Each structure stands twice: as structure tokens, then as C-alpha cells.
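In what follows, chain A forms one complex with chain B and a second complex with chain C.
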Partner chain A sequence: MRTSAAAPVAAAAPQQEGVLSRLAAGNTLPIVIVVAAIVVAWYGFAVYLNMPWQLGVYERSGTTWTFADLVRDTLAQERPVLPSPHQVFAEMWRTTVEVAPTSRRSLLYHAWVTLSSTLLGFALGTLLGILLAVFIVHNRAMDKSVMPWVVASQTIPILAIAPMIIVVLNAVGLTGLLPKALISTYLSFFPVVVGMVKGLRSPEPIQLDLMRTYSASAAQTFWKLRWPSAMPYLFTSLKVAVAISLVGAIVGELPTGAVAGLGARLLAGSYYGQTVQIWSALFMAAALAAILVAVIGAGHRMVLKRMGMAQ
Partner chain B sequence: MTNPFILALLFWIAAWALNEWLVRLSPRPAAMRRLIDVLVPLVFGVAVLAMWEGVVRGFAIPSVLLPPPSMIWARIVNSVPILWADFRQTFLKAVLIGYVLGCGAGFLVAILIDRSPFLQRGLLPLGNFVSALPIIGIAPIMVMWFGFDWPSKAAVVIIMTFFPMLVNTVQGLAASSAIDRDLMRTYAAGYWQTLFKLRLPAAAPFIFNALKINSTLALIGAIVAEFFGTPIVGMGFRISTEVGRMNVDMVWAEIAVAALAGSVFYGVVALAERAVTFWHPSVRGG
Partner chain C sequence: MNAPASHIEPAVQTLAPVIEASGLGLTFATNDGPVNALSSVDLAIGKGEFVSFIGPSGCGKTTFLRVIADLEQPTEGTILVNGMSPRAARQARAYGYVFQAAGLFPWRTIERNVALPLEIMGYPRREVDERIARTLALVNLTGFEKKFPWQLSGGMQQRASIARALAFDADLLLMDEPFGALDEIVRDHLNEQLLELWARTQKTICFVTHSIPEAVYLSTKIVVMSPRPGRVTDVIHSTLPRERPLDIRESPEFLSIAARVREGLRSGHGYED
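Entry: the complex of A and B
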């Protein structure tokens, strides 16, 4: 469907002049237009949703107002129902650039707190996932007994026990980074296990037979055949795992009165009705997710290129 | 007086030996093989529970930290009405309504943009991007907009389930092969006929993939959204308040209910998938 529809556009492109048609044939222009439409719709909704409160203000003060006044004032409220995009970006600019990164009021400080527990949890989860996958691939009893539970555990809302894990670990004396990181570990290790089991099993029987004719040991087969062929699967799982690690770190910051991190920022914002603060924390989280996934994606391409597997 | 931990350890070793023996059997009848495939994980699960019980009792871990499974079970049996009320509030209202609306909306939008390659190229990368974002963070905003009761939770669920459904359906609609579509053209089938008789059935595995992903996401979304404010009922509410009161056994009971609900939900979707996509190689086992 997509290819057949895109083909005429691409074929027609060289005849027309230049950049615009090439943009239209690729993904850039459609994305820009869709994003622009979303921004416009956002402004519309911001005016509409903030209108009732603003009308109340006008009525109490008895001012006469025009539509232009209404639009200007609804987009500049202190605590809007839906802040306008420029308010959110002004807040982000104020809390990232104009405040020292070490200050508690800096969004970068909170993002760093969340990022550090995300990364620690992600690293632990990846390590654990790979180890478990290696055991599962090499032991039949392990495969039959553990694998169904790994799959079943995906259906369980693990995030729901995040607050409990934090409380329990705090009671044991573990505080700070590690409890949050353990939630990220727990979340990120499942995609890695599932992906790596699939990847380590991906060599064809004929390739495994070839290794046997070379009388390769299990370790040699693993390092020279199974591990390299699992790489594409590993990176695909890592992308899912890093995104879910971030979610785990944010949710881990919600309970028990955490004072730092994007999750704590969300919770504080919701207690005090600071919608602009909530939205800027959300945008920061989105930016973090995008950066993390992009870094993994770059690693993916680099490894595949070095292995000669790039398409 | 034997240490319960030693007993549990012995039980663990015995269970593991049993499993090693079971997986080496390869009985002729298919029914027996199926039975073994079910039995092995069950034995493992029971062994984990026994180990849990043994560790907690053997090392006298205070039940505030980690209650033994027997205590959690006793709590479940004793507080069925509370658990049922929470289940009804969170699962039957927020999760199911949000799930149906979110998946339905994602599906309909995918059908709508199906005829416009331009919109597809604009929306698909965005949908993929949004799927990687921590959408759960919009929970406090939804609570502000739609109040403390279940509609705000359903709204979170709708947004969380919308994008996976959109992306998967669009990919699925592109999954039918060119030769099949050419055949439909030679039959002079219209757009809608091709859609219903060829492309939607071909998209079914993708759609069910999204339905399965969403069944987990929906439960997570509803429970976490309750951390931001609820009436005094609901699974997320119960978990966060009972943690505060150090009633850890109640928290675990609630988690057990959530786990059961999540697994059954997933299982129902998987069964529906088997019934609908009976022709697919992964279901036929070929």
C-alpha cells in the first residue's frame, strides 16, 4: 500500500524542480505538517479550555473584552487548564538555561536524577536479561519452566508494585538511587530476555550443524555464531527496554514523597495545580526518551555496519 | 525443629530434578506432551512459592517487609468484598471502557488515514515516537481535567492504548501482498470490499498484537493514574494507602488480583486471536 502509493510521487519528482517535491516524497514534509496541525489544534484547545475561567475574571472586574483580548489572556494565564506551547517552552527555557543546573529549581537537575536511575536500572536489567537468556537457551528444563513465567509476567502490571518495592527497600536501608533503579531493572529485563532468547535461537540448523562439523565447543558456538546473530534482536529489545526503564524511573519517583526527579516534579505540580510545571516535566521526559532511543539506534546501526549486516 | 528454609531448599531441588526428568521424557501421544508443557511451569511456580515461604519463615523476615504467600492468601480470602469493589472500580470501569474506546479510536483513525499516504507518512513516525514516550506522565493532567473518579483513569488508558493500535493497524493494512490485491482488482472489487475481505483479515495478526500490548498497558495506566488522586476505592488507591499504613499483605493481595486480572485479560485476547487468525502459520504451528 505505502510503496505503491509512494512510487508515482517519487517517479514524478525529478521532473519538477527541486527541494519541495523531494521533501514531499520523503517523511519530512508530512511530519512537519502534522506537527504544525497539532500545534494549531493545541492553541485552539488552550483558548477553548481556559475560556470559562477567563470569562469569569472579565465578569467580576466588569471589563468589556474583544475576541483578541480573550485569546491573548487565555494564552497567558498563571494556572491554565491547558497551557499554551509557548508558555511551556518559556518555562522550560527558564528552568534549564536561566537557573544553575545544580539548583533544585532547575529542570536539568531533576532530569539528571531521573536519567541516572534510568541508566543504572537499564544496565542492570540488560545484564540480567542477557544472562537469563543464555541459561534459557542452554538448559531445556530452564526453558520449559522459566519461559512461560517470563511471558506471563509481561501481562502483570508490574509498575503497580513500584511504590511497594520502594517502601520495602527503604525499610531494609536501601535509599536513594538503587530502589528506583531496581524498578527500571525489573521492567527492562523482560524485553531483553524475550528478544535475546529469540536472537540466540535465530541461527539456522544448517549453521549449527556446520559448527558441529568444525567440532566447535559450546562456548565457541556461542561466541562465534549465536552471539553475533543475536545482535539485531538485542538492539531492538534495548530500544523497548530503555523506554520502559524511563517510565519505571518516573513512576518510582511518584510515591513516598521523593523530592527530586521528573516524577516528583509531576506529583508536586499536580498537588499545587502548576500545570505549566507538569507539562514542562512531561516535555523533558519526552526529550529524554527520544535521546535515549536515538543513542541506542545509533549504536544499533554502528554495530550492524561493523558486522557487515547493515541493509 | 527443622529450619523451614532447609525444607524449602530440598523441595526446590526435588522440583528441579522432577522438571529435568519431565523435559527429557518425550511421550508419543500429543496429549501427554501438552500435559508436560503445562506441568513443568506449574511445578516451577509451586517451587518458587515454597522457596518464598521457606525463606521468609527460615530467616524470620518481618512480614512488614515481605509477607509469606500463606499470609497473602489468608488476606485475599478474608477481604474479598474490598478486593471486589476495587476490582470493579479500576478494572470493570476504567480499564475496560478506556481499552475499548482507545483501541476503537486507534483502529478507526488508521482506517481513515489509510486512503491518504501523505497522512500515513506524517502520522506513522509520530505514532512510533509517541509509543516510546512515558505517556503515563499525563495522568496528573487527566485527573485535573476529568476529576477524581474513573473517567480520568479511562482517559489515561485511552491515550496509552491509542498509539500502539494506530501504528499496528496501519502496518497491518499494508501487509497484504501486491498479488492478492491484484487478484481483488481482477474481481472488480471496490475499496471497501477489498478492505473487508482481504486487507482487514490480513491485518488481523497486527491488530491482535496491539490488543495484547494494550491489555497490559491499560491496567498499568489505570493503576498508576490512581496514585494521583481517586475516590476512596480502586486498586491503585488501595496499594498506595496500604503501603502508607504498612499493611503489606493487603498490598500483595491487591497485586495478586491485578496479576490475575492482567493474565486473564491477556489470555482472553490471545484466545480470540487463535479463533480469528486460525489461518496464520504461528497459530497452525507450521
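Entry: the complex of A and C
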């Protein structure tokens, strides 16, 4: 209502001002400023952190140097303590655009390996989380007995339990995608259980009484009342779950000496001091997480709109 | 129209009562000890009656309605609904219940909300559509089928919830302060519509309210209740005609019934704390 009333006013204003004020009013300007500040700070730290090594080089070779030399050289080291942003993006460009995505040297290939186990783990975790929540909500004994275990499971550091999962599953003959995915499952079922228990319990007493006056069966009450009520909670949980699924998949690639995946890239990078490679893998992981969360967010909006709840 | 239809009760009493309570009591066990919500209630409600339950908070009027609906279990005495236990009556879908809040499902349009009980009770698809149209017309909501609840005013939402309770074939309508949260003007309007609906559908209505004028205006029988323990202190048979324009509320007859209700409430010490 309000936007439609405001639209003619905006159209009447001069166009340049419209664009500028829209940028200032929206999220764009603040985001641009924050990103610019981060990039500037990053360059500053890159020079500062790479300086000791660079000074050592100058001293050993006896060259005289200016500040401009120092800045140029610290930002172009082959194995810097902190690579500069343009080095990272050059590396990312080289390993995504200039290499075939099927190649071992392509970052996209590694991203896909990680993504596939993320998605499998996320799907299993969501399913497990929803099932557990349904049992917990419908069964008092389950509520008392399962919930403490669910919480306890998350107090164990994933880095400690991940190698155990991989080793045990390898011993029973499960290798490849599934063990890694199960680590994602282990992490991602938790927010789904917690969110769905709350969501399935979110109907008001009046609504539950109403279903009782109809003598509705438990299944009818579930599908017509509890499940739709839980949708907003489900999607909020899924956003958290998908992000930590990615963490789980990466962690799962670390202890196995996996040959492919973003975790393997991180590990290989740290073995050989390839900080540029580490940072580009980190950025790829962050981009992947952002995309996954955005996809869930789009699904969330779509479902709410279909349910008439997006006002 | 102005024919004095004053004595409806004799005709009503000859029919089998829809609700028959004797010695009914309900004690809640709470952390502060037992709370006696209802105590030795004897009451019979005949078919086609419009019965109001009035009294201060804590007098057990809502509890009594919930016992009829099998939402609470009595601890003493017996109650029959349509000659059955409340549980059997609920399972036979003998009543429609209207709560204080509309309680519409926000993800369903108005027509899907009205369809909810029909879906649960397994009415065939064609009949569902026909019933939605008929009940929405009954509460004057035709044209709002595709709207979501948040697009409607509070009074319209409450009317939709009444339509939902009328959609299936229950002869008994239980209403728990359905207009309590609405303003006076909307409430007057809905009271008028409710009377009209009662005349058209011939349903038995049990209506819980706080308001003396509302109780007198609507009812053929007014049950006055008082708290601690919740009990019936007076049952007043209305002598008003069935046809009731809003200005009947200024007539001497209306005022004398209202005075008797007020008297009943006072004698039950309802207003003292």
C-alpha cells in the first residue's frame, strides 16, 4: 500500500537524485563503504605482516629500498603471511576461469566435491532433524530422553569426532562421499531438531482445541496445523543448517588426507605454505555458503508467499 | 411479528434435552491446591434454545462449555450431550465451537478456513464448495472467499470463525465469549446477525458472555453463575419475543429481565471481589 502511494512521488523527482537517494536509502551504499574499508585495512595489514620477511630479503641482498618498493614487494610475495586481495582474486580467476572445471587444478572442481557432500549431508540432516522433532513433539518419553542427547551431541568438538567417524565408517567398508556427508549430517540435524520442535509446538492452544472439537486424528492435526505452523521455523533452521553442513564437509576432508575438495585444498595449501591457495579456497567456501543460504532464503520467501504470509 | 411468543419453554421442555447435567462438578488440581471450578451444576438445555451463561471471571462458565465440548473432564456428576457422553458427542461431531479469538489459520484463505472441518470430516469435494458458499452467505462474508485472515477486520474474522463452526451439520453451537474482544458497535451488529442466524438455522446455542445486555438480548434462557466454587445461582427464562429489534433493549420488559440478572449476580457475590 505504502510503496504504491510513494511511487508517483519518486517518479516526479529528478532522475539523478532518484538514483542517488535510492542508493543512500537502500543497503547498497553502506555495504559498499564497509567492503571498501575492509579492503583498505586488508592492504594495510598485508604490508605490515609481510614486511619482516621482505626486510630480511633486502638486508641479505644489501639493496637499498624505498617505502614504495616495500609496498610493491610485500604485496607481490610468492608465499606471503597475508596475501593481498588482488593476489587472491588473481588466483581465483586463474583456477576457475582459465582451467577446465573438470581439472584437478580447478577450484570449481574442488568446490563441487565439497558441495556434493554438503548437499547430501544437509539433506540427511534435515530429514533426521525433522523426524526426531516429530517424535519428540508427539511422545513425552522421547521428549525427555532424546533431547538431552541431541544437545550433548553438539558439545563434542567436530574436529575431534570427525576422524573417528571417517575411520569407523571406513572399517565397515563405507568410503567416499557418504562418510564426509555424515559429518555434515551430524552438525546440521541439530538446528533443524531445535527449530522444528519449537515450530511444531507453535500452534496456539485455541487452534489445537479446535482440531480436538473436530475429533481430528493426530495425522490430520499434524498435516493441517502443526506442519504449516512450523514452516517459518523450518526455514530459519535450514539457513543455519546449510551453512554448518558446508563446515562439516570441509572438516570431513581434513583428517582423511582427501585428495579433492575445498578442505583438501586448505590442507595442501598449509602443507606447502601456499597462503594464496588457502585464501582462495576460503573465499570459495564463503561464496558457496552465501549462495546456499540465499537459495534457502528464496525458498523461504516463496513458501511464505504461497501460504499468504508475506504481507 | 409482534405476537407474544413469550412462553417457549413448555414446548421446548417436552423434547429430549440436548444437554443434561446433574450434580456436575470439576476440581482442578493446581500447585496452590485444588480449585473448585464447577460445583453441583444441574441444568437441562432443550433443543432450539439460546442459552447464555453469565457471571464474573472464574465462575466456571467457560469450564462448563468446555465440559460439554469434551475439552475438560468433570470430576463429579454426569453430563449428557444429545443423550451421549461428551466424548461420544464430540466423536459424532455434534457441536461447533466458537472460541473467544477467531483462531483462523493464517495460511488458509477464508474459504479454506471454512473448509477445514469439512476436509477433516471427509465431506465430498462438491459438497464442500456448496457448504462454503452457503455458510459464508449466512454470516455475510460472500465475496471474501479468497482473502487471507489478516486482510479482514476483527469482526469479520470472528464471523468467519462462526461460519467455520456452522459449515458441518452440528445442531449445537457452543460460543465462548465470541464477541468479547470486539467494540460495542460491531458487537451490536453481530448480535443482531447471530439472532437472525439462529432463527434461520434452528440450532441450539450455548453462549458465554460477560455482558448483561448481550445475554438478555440474545437468550431464551439466562444461566447466572457465581464463583468460588463455580455454581449456578439463577436460571431466568426470557419472556421477550423471538423477533428482537435492537431497540427492544429500551423496553421495560427487557430492563426488568436485566435487573433480575443483575440481582442474581449480586446475590452470588459476583461483584464483590
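In this section, the second predicted complex is superposed on the first by the 281 of 311 C-alpha atoms of A that agree within 3 Å, B and C clash if a C-alpha of one lies under 4 Å from a C-alpha of the other, contacts with A are read in each partner's own complex, and residues count from 1 in each chain.
In this text, contacts are C-beta pairs under 8 Å (C-beta built on N, C-alpha and C of every residue); 3 or more make two chains touch, one makes a residue touch a chain.
Small disclaimer: the values here were computed from a predicted structure and weren't measured.
**Student:** Identify whether chain B and chain C fit side by side or clash on chain A in the overlaid structures.
**Tutor:** On the shared chain A, the partners fit.
**Student:** According to the contact criterion defined above, which of chain B and chain C contacts more residues of chain A?
**Tutor:** If we count touched residues of chain A for both partners, the winner is B.
**Student:** Using the superposition on chain A described above, determine whether A:Leu282 touches chain B (first), chain C (second), both, or neither.
**Tutor:** Touch partner of A:Leu282: chain B, not chain C.
**Student:** For A:Ile291, decide between first (touching chain B), second (touching chain C), both and neither.
**Tutor:** Neither partner.
**Student:** First (chain B), second (chain C), both or neither: which does A:Pro228 touch?
**Tutor:** The answer is second: A:Pro228 touches chain C but not chain B.
**Student:** Could you look at A:Arg140 and tell me whether it touches chain B, chain C, both or neither (first, second, both, neither)?
**Tutor:** The first partner, chain B, only.
**Student:** For A:Met302, is the partner it touches chain B (first), chain C (second), both, or none of the two (neither)?
**Tutor:** In the superposition, A:Met302 touches no partner, neither chain B nor chain C.
**Student:** Based on the superposed arrangement, let me know which partner A:Ala41 touches: chain B (first), chain C (second), both, or neither?
**Tutor:** Neither chain B nor chain C is touched by A:Ala41.
**Student:** Tell me which partner A:Val259 touches in the superposition: chain B (first), chain C (second), both or neither.
**Tutor:** A:Val259: touches no partner chain.
**Student:** Give, as a whole number of angstrom, the minimum Cα separation of chain B and chain C in the superposed three-chain arrangement.
**Tutor:** Superposition on chain A places chain B and chain C at a least C-alpha distance of 8 Å.
**Student:** Across the complex, what residues on chain A touch chain C?
**Tutor:** 204, 206-207, 209-216, 220, 224-225, 228, 231, 307-309, 311
**Student:** Using the touch definition up top, name the residues of chain C that touch chain A in the complex.
**Tutor:** 69-71, 90-91, 93, 95-97, 99-101, 103, 105-109, 116-117, 119-121, 148, 150
**Student:** Can you tell me which positions in chain A touch chain B when the two form their complex?
**Tutor:** My answer: residues 1-2, 4-6, 9, 24, 26-27, 30-31, 33-35, 81, 140-141, 143-149, 152, 154-161, 163-164, 167-168, 171-172, 239, 243, 246-247, 250-251, 254-256, 262-263, 266-267, 269-270, 273, 275, 278-279, 281-282, 285-286, 289-290, 293.
**Student:** Flag every residue of chain B that touches chain A in the complex, lowest number first.
**Tutor:** 16, 19-20, 22-24, 37, 40-41, 43-45, 64-66, 114, 117-123, 125-126, 129, 132-134, 136-141, 143-145, 173-174, 176, 178, 199, 215-216, 219-220, 223-224, 227-229, 235-236, 239-240, 243, 248, 251-252, 254-255, 258-259, 262-263, 265-267
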